[in-house]
Structure formats: C-alpha cells, structure tokens
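Take a look at the following structure, please.
Note that the chains are named A, B and C in the order they appear, and that numbering of residues resets to 1 at the start of each chain.
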C-alpha cells in the first residue's frame, strides 16, 4: 500500500468526511491503487515546464463596481436545512 | 413520415411551415418518455406541465406572427448538472435531492431566449463523476441499444434520451469525456466545445478548469443548431472566451477540401477493442474517399493524460465540493440524533478518563459536517474528494498537483505541435463499446481508464466530437474528432461530411421501433 | 527601555476597500443591513455561481499599495484558501498566496514628541481577498444554535502584512494610526473599526538576552483587538505574559506550535483560542474560476499620479512652506485630508501659516469636535475666515474680538466685515486712544507709578477701564500707549 490507513484517516478529517472502518479499509486500498498509477508522472522531467492551471490564457477580466439586486432573503434561505427566517442555523460554534 | 423520424433541423422546418406545432412535438417527446423511460432511466425530472405550457406559449406567438428564437418550439433535455430556477437540480446526488436553485444557468437562460421547450433534467453520475451513470444516487441509466449495458457517463441520461428518441436535442457536460463517451456508447453525436466557448455559469462545478457544457443530438447538423444557441461570451463567467460564436449551422454544409486528418498513434495501443479499431479504420477509409489526407501523428504525452487528469480533476473537485456541508443548502444529517450520539460519546470518554479521546472528539459542528457529507455523497464522490484532498495536502502538493499542472502543459504542447501539421485529430472515443452495468463498479482504476482517449482534450482545452462510426454486437462505436481551440465549425463540418456519406448516425435501437 | 528583552511585533491589518459592490459579485457592501439581505448565489456558495473581479477593488488595492511604497508585480493571481466554517459558504476563501498584487514596501512612523526615533516599518505584502460572513453566537451561551449572516461574504479586503519590525506597543499604535491616516488620505477605506472595516491581528514574541545568548519566545498570534488602544494594551499584556511564561517554562520558539490568543478587553488579558483548521496542512491552490491580472508600467504610473499629497509629504510642506512645528503639522495632517485642505486655503489666503494653524487648531477643530461635524459642514469658508484673520493680523481686531466675530459668523453666517459691523465694532482712531489713556492715567496716579516702576501688569487694569469707556479700543495699542505715556509722565 502506498498510502497507510492513518494517512487516509487524516485526509478524511481534512476533507470533513466521516468514514466507517470498512470504508477506511476500502478507501485505503483504492486510493493506493490510484496513487500508484498516478506515480507514473514522476517519470517525466518537468523542471523547465511552466504549470498550466487554466485551459485558456485569459487575463484582466473585470466588471464595473455597480450594485445589482441581491436575492430576497426568503429566496436566499429557501434551501437552508435549518433557518429562522433571518439567519442560517447551525449547532453552536464554541470555543472560537 | 412521423415526427419521431425527423431531426431537429427538419422539425424546425415543419414548425415554420405550420405542418406541426410545438405542443405536438412536446407531446410526442412525452409519449416516448412514457413508453421507454421506465426501462432506460434517462430522466430524473420531467417537467410535463412546464414544457407543455412553454410549447403553447411559443405556438401562440408563432400564430401571432411574432419573431421567435432559433430553437423555437423544439424540446430540449438538460443534464441535471445545470441550474434551473425553481426546478430540481440534483446533480445525481442525495446531497442536492431537494435543492431548487434561485437562478438559471446561462445555458438554460439561452435555451429560453432561443424559445426552446425545456422538457426535463437528465440522469448523470453523481456530480458528473463517473463513466457509466451508475453513480447516480437515484437510478442507473440503461443503454437503449442493450438495456443490460451502461449508457456511458457521466452524461448517460443526456445521450440515452436522444438515442431512445425521447428528444432530439440534449445538453450535457464534459470534464474528461462525459459527453463524448456516452455519445459513443449510445450511438449519437456529441460535442465537447473548446474551454471557454460555452458559459459555465450555473453549471455545478466538478473540475472548473476542465468542465465544459456541450450539445448532444443524432446528427452533426442538430449539434450545430444547439451549439449556436448556447455558445458565446458570458460576462458572468470569467473564463468565458470573449469572441463571438461562429455560424455553425450556416457553415456546416461547406465541404472541407484538402482536409488533413492526423491519426493519433498512441490511441491505437494495447487495450483497444479490435471491433473499435476496425470501425475507426473504416471511418478513415470513408474520409479518404471524401478527399481527406490521412497521416499518422503522435501525441507523445497522451499516455499520461489519465494520470494527470486524476490528479487535477479530483483536486479541483475536493475544493469545489467543500461547499456541500449541510449549512446553507443541501443535505444535513439528523441533527438531534447526531448531538445525542456525540454527548454519549463524550460521557463515555469522560467516565473512562480518556483525555486523548476527548481532545480528538469532534465538535458538534465538525461532526455535523463530517456526518452530512458522509451520508450525502456516494462512494465515487468520496473517493475523488479524498484523492484531491490528498493531492493538495502539505507534502504532496508539489509531487502530485503541481507536477500534474506541468504535465498538463506538455499535453497541451503536444496538441499545439500536432495542429501545426493537421487540421483535425482522429481516433476512437473509448477503448471499448459500452460495458455491462455493474461490470466496473468495484474497480475504480479500470473505470478511470475509460477516459484514456478523451481526458486530454479537457486538459488541453481543445474541442472534441464523438460521432457514430460502426457497431459491434449491436452496440454503437464512436469516432472521435478533435480540433484546435475554437475550431468547432471545422469539427462540425467534418462530422457532417461523414454523416452525408454514411448512415451510422441514422441507426435506431430496436427499443425505439417498438413504440 | 528597562525590560530585559526586545519585543518583536508584526501586524496583519485587514481593511475593507471602499467599493459599492463586493469583490466578486454585485451585492452591496453597505454596512448595517438586515441579516442575509445582501447575498446572491455566489455569496451563499450555491453550486454553479461564479466570481468576476470588481475593477474598482483592484484599483483601490493598487492605490493603497503605491501609497505604502510597495512594489507592484506585473502579474498577480487568485488562490483558494480552504477551511470549513459556517460563515464561509464555499468552503474556501478567495485570496492571494504566492503571487500577491504587491510586496516589499514600508511605512514610516514618527512621534513628534520624540518617544521613539522616526523609522520605517517594512511591509511584506498587501493582497486582496474576500471577507467571510458573520456567526452570531447566543450570548447566554446555552446549547442554542449559532446564527449565520452572510451579508459580509465577499466584501473586498486588503490584507496588509508588516514585517516584524515593530518594537513596542506604542510603536504598534503609531503604525496603525499612520496606516489609517494614509488610507484615509487615499480614499481607499473608511477604516472604521466599529463597523469592521479595519481589523488588526498581531504576531508577537520576545527576544530575551539570557546568559547563553539571545532566546526567542514562541510566536503568539493575538486576535480580537477592537481598537488601537486595545492593540496597545494587548501587546503590553502579552509581552509581560510571555516573559513570565518563559521564566516559568523556559520554552522557546520552535518548542511549541504557534499559538493563537484572543484579547479580552474587559478583563485586560489574552486567552488561548482553539484552531479553526490546520491550515498548513491544506495549502492554497490557484482558483480555476478566476483569471490572472496583469498590469503595465503605464497603468501603475497613472495610478501613482492620482494619489495626491500623502501625510508624510504634507507634514514636510507644512513645516517648510508655512513654518509650522513638527507637532503642529502632525496635528493638522492627523485630522485628515479635508482639514489639511482647509488649512492650506486659509494659510495661503492669510499669508501667515502659524496664525492659520492656531486658529484651525483652537477654533475650527474645537467647533468640529463640539458639533461632531465634518470639515465640509463647517459654516465658515476658508476665504471668509482668512478675511477675519487678516484683520487680526493687522491689528484691526485683537484675538478675543476676533473670536467674537467668528462666533457671530458661525451663528449668523455672512462675512467678517458684516459680523464686525453687526457687532458694532469700529476702528478707533489712534489719537482718540491717546487722549483716552491720558485721561485715565491722570485719574489713576497709582497706575502711573506702577508703570514707571516697571510693574507692567498695571496696564491690564487700565485696558479694562479703557474698554469700559469704548469697547472698540485695541487693547494691545492701549497698553503700548499707556506705558509710553507713563514713562513720560510729569507728576
């Protein structure tokens, strides 16, 4: 395995995903397989290659600073799992 | 001749002459959906009332002699990855099962402006991640040519609904082959436009630097018609190209003289199904007979395309999908049950004096995030989020993410070099025809390799098209044409030439004729 | 400094840029709206919504950067900084990481009272980023839910990161005051701390001279300081706390991970905070939804030309051109661009910078403070006040008469001449004044004697009497005449 279960667990915490023990085992095996495959990229010498983050070379796309209408609050909150008509509600955020 | 046998372009003529109405066309589509979709599973949502009402409005305007848009009265299906105001937009995910966007995607707005009739939302792999449409949280889509086979993916519903004659025009999205591969498997024509050609505004993001929205239809002409309606600059998408769309349909019948086709050597390597190989070679013969020069060409880094793709796409996805946390919209776990469980865990740890355990115990908020995401996402989405988070995490960023961005540049440079010598690249879409449902679901890597010939177009940002070029055991085979950025018109003309000389695109699955 | 250590402070300041709409969408940035009434699909992080960059925000950032002597790279890009928090709906903040819009600048800080040497505080970088929303916590602290307001989401911020060049709480305050003043002059931000348009975090540690050489204490990030005064107090507290902690534990930088502490203004202490996310575990990555920004030399030069006079240059000008002291120039410039402009108009019209400075500081500023109004709303225009000051300067009016005139102008409007007339102030002929003094001295031999004996205070009584007889006499002149007459008095 190129990735350990401990690493997978750590990544799952970073990704805010809860994994069952079974899922952790499967995930460890599957991610290892994919990462091993991906490791073929290391064969290539890319020292002088400029990374390509965008498919299209565009720059300076701007809009004018002009206020447009916002959503009605009822629309904004319409999809919220839990709201009180004014705000979104979440379990109490403590310690911050 | 029944409406069912006409292409969208032909239906437009019928509508214009008054020999049919939009309501009749819409009813015919709904009838076909009623007849076959319980077997095919192409649609997640059919907007029967909305579609008929829209069709009536358009017919009335036509009657009144008003000017109408370029798709006036034609039913169009939209992949459930595009936001439709007030209509479900699930992305094939439990996470968005009850989500109704307060806004329309630009492409949806443009369909409305063109007076299309939006008939419904089509099935897809969850968040467009997959190549079989089996990863939908709601249903698998079955291939209309052989119901025990997949329709391909992730735009499986978008391709299958066209193949099954439910609708002539369909909108899909393609991040690594998600339009072209299902088009190939379902025997229809599908186009992934150049990056920046069609607005991504309102397209639920999978991998933002790779995603493109594109049309599927039976013929290149219909694809050109639909592309013309949705393509063009959108100021709401910073990555949209600020150049006008071409007159795709008006130009399509102009033959390409002296067309130079490059056969991608690397696409005929091991793993290519012999039947697919044979059909592609036969297609080359057809092109030669039409006057094209065919030469072999190399994309030296294409063997790295899948590896590059499976770093970049999951990395972007892990970030794009961070927003699904059950706070502002989407699925949230049962909060009371979660809090109760958390309290009892805390009590247990306290009783045991387990300091370490207590320190590691989630806060209520973190537990809500983790639980909501665990329950709201399916296994493939979780795999990709994990993969992407890993590739972006400290210590691996340079080795994976940054490395992949560099190889991406090499892949793009291969294309640039190739297009100096040839006008279009030609090869297979997929190594095999459609596979059986369930065949690859437990084997992620094999599933990823179905993107072998398609992912590089997304990485490079070039345009790619899939068109039917043969069959094997009753399953369609697709031919892929690729063109330099913004040469969609050339791509469509080449596809049209082929379709004028062959009738693979006119074949219909047996399922259709049973209606 | 008598402390056995050197304090090392770097400040991270977030200022809200004065745009009408947000950084990447067109929702309003207006403060004080009802919760969740200034949001759109992008603010809520709805799927499919895409950001487009606000040109004005970039240009304000550029102005601030040039004002802070920062270099402007010709290419800059956008990155996503990932963390999970309910007030961050996308799960990442759009910010700038490895290629910020500006870097390597400085801000000069000074103290006209000389409590520290004038020096340059290095500025590592200033970059643009979007703000998050607000979590409203139940004050009662019960099990109740937290409420999330997303109005602030996407508000444009400029994060200005100083080098760890600050050496005392007092210097920190001076840096912040100077920074705020500069940004106010540039019209880049209103810098209103109450409304959250200026926020400060500090990185603090101590360099302690020990027997085995210098030791650095662990770096602590201090948050939740809601005023410049709070910054000063928090840093003072933190220095003492770190010194005590070092004496107790001996822990040095690197022995423990960087800690975040919050300032409790009421209790006057800092306390440890929980980490939101191990951010170092999850680096930034380029935002694929946004394209880079490039800028040319000409564009930069154009913005540079538009900056106008900045505080440091104005202080110099007030000192060299108008002869003001370091302190006076600091006070006037410290009031902001509108008052400086008022002063310059006044000083030029009167041709007496010091007189103008006195009146601006003692009269104009006091009135503005008392009435809590802005310079623009001050009822007397600089040219009108200049007319009055000219009368004072040539001795037509003494200072207290001048003040009366000003009061009248403030209350009733009109010119100084009109006020003078309305108040019945008449120029008294010099001969009249001599005659009056002669009469009064004749009637008051004791005053004559006192003046002859050099007790010049006695002139005050005479001036009082003269004013009683004729309120328009010029006290200064009466005084001079009285002394002169007394010295020639034949008794």
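What we mean here is this: a residue touches a chain if its C-beta (ideal position, glycine included) is under 8 Å from a C-beta of that chain, and two chains touch if they have at least 3 such contacts.
This structure is a prediction, so every number in the text was calculated from the model and none was measured.
Interface comparison, B-C versus A-B: the pair with the greater number of contacting C-beta pairs is A-B. Central chain assignment: A. Criterion: smallest distance from chain C-alpha mean to the mean of all protein C-alpha atoms. Centroids built from CA atoms put chain C at 41 Å from chain A. Between the CA-based centres of chain B and chain C the separation comes to 56 Å, rounded to the whole angstrom.
Centroids of chain A and chain B (each the mean of its C-alpha atoms) stand 21 Å apart. The set of chain B residues touching two or more other chains comprises 99, 102, 209, 235, 238-239, 322, 325, 327-329, 365-366, 369, 389, 393. Residues of chain A in contact with two or more other chains: 14, 16, 53-54, 58, 61, 63, 71, 76, 79, 82, 88, 90-93, 95. With touch defined as above, residues shared between interfaces to two or more other chains in chain C number as follows: 41, 44, 46, 52-53, 84, 86, 148, 150, 281-282, 288, 290-291.
Of all the residues in chain B, the ones that touch chain C in their complex are 82-83, 89, 91, 96, 99, 101-103, 105, 200-205, 207-209, 235-239, 315-316, 319, 321-323, 325, 327-329, 365-366, 369, 389, 392-394, 397, 401. Against chain A, in their complex, chain C makes its touches with residues 19-21, 26-28, 34-41, 43-44, 46, 52-58, 84-86, 135-138, 143-150, 273-274, 276, 278, 281-282, 286, 288, 290-294.
Touching chain C in their complex are the following residues of chain A: 14, 16, 53-54, 58-68, 70-71, 73, 76-77, 79, 82, 84, 86-93, 95-96. The residues of chain A lying in touch with chain B in their complex are 3, 7-8, 11-19, 23, 27, 30-31, 33-35, 37-38, 40-42, 44, 46, 49-56, 58, 61, 63, 71, 75-76, 78-82, 88, 90-95.
For chain B in complex with chain A, the residues that touch the partner chain are 98-100, 102, 194-196, 209-210, 235, 238-239, 241-242, 301, 304, 306-308, 310-311, 318, 322, 325-332, 335, 339, 363-371, 373-374, 377, 379, 382-383, 385-387, 389-390, 393, 399-400, 402-410, 412, 444-445, 448, 458-461, 485.
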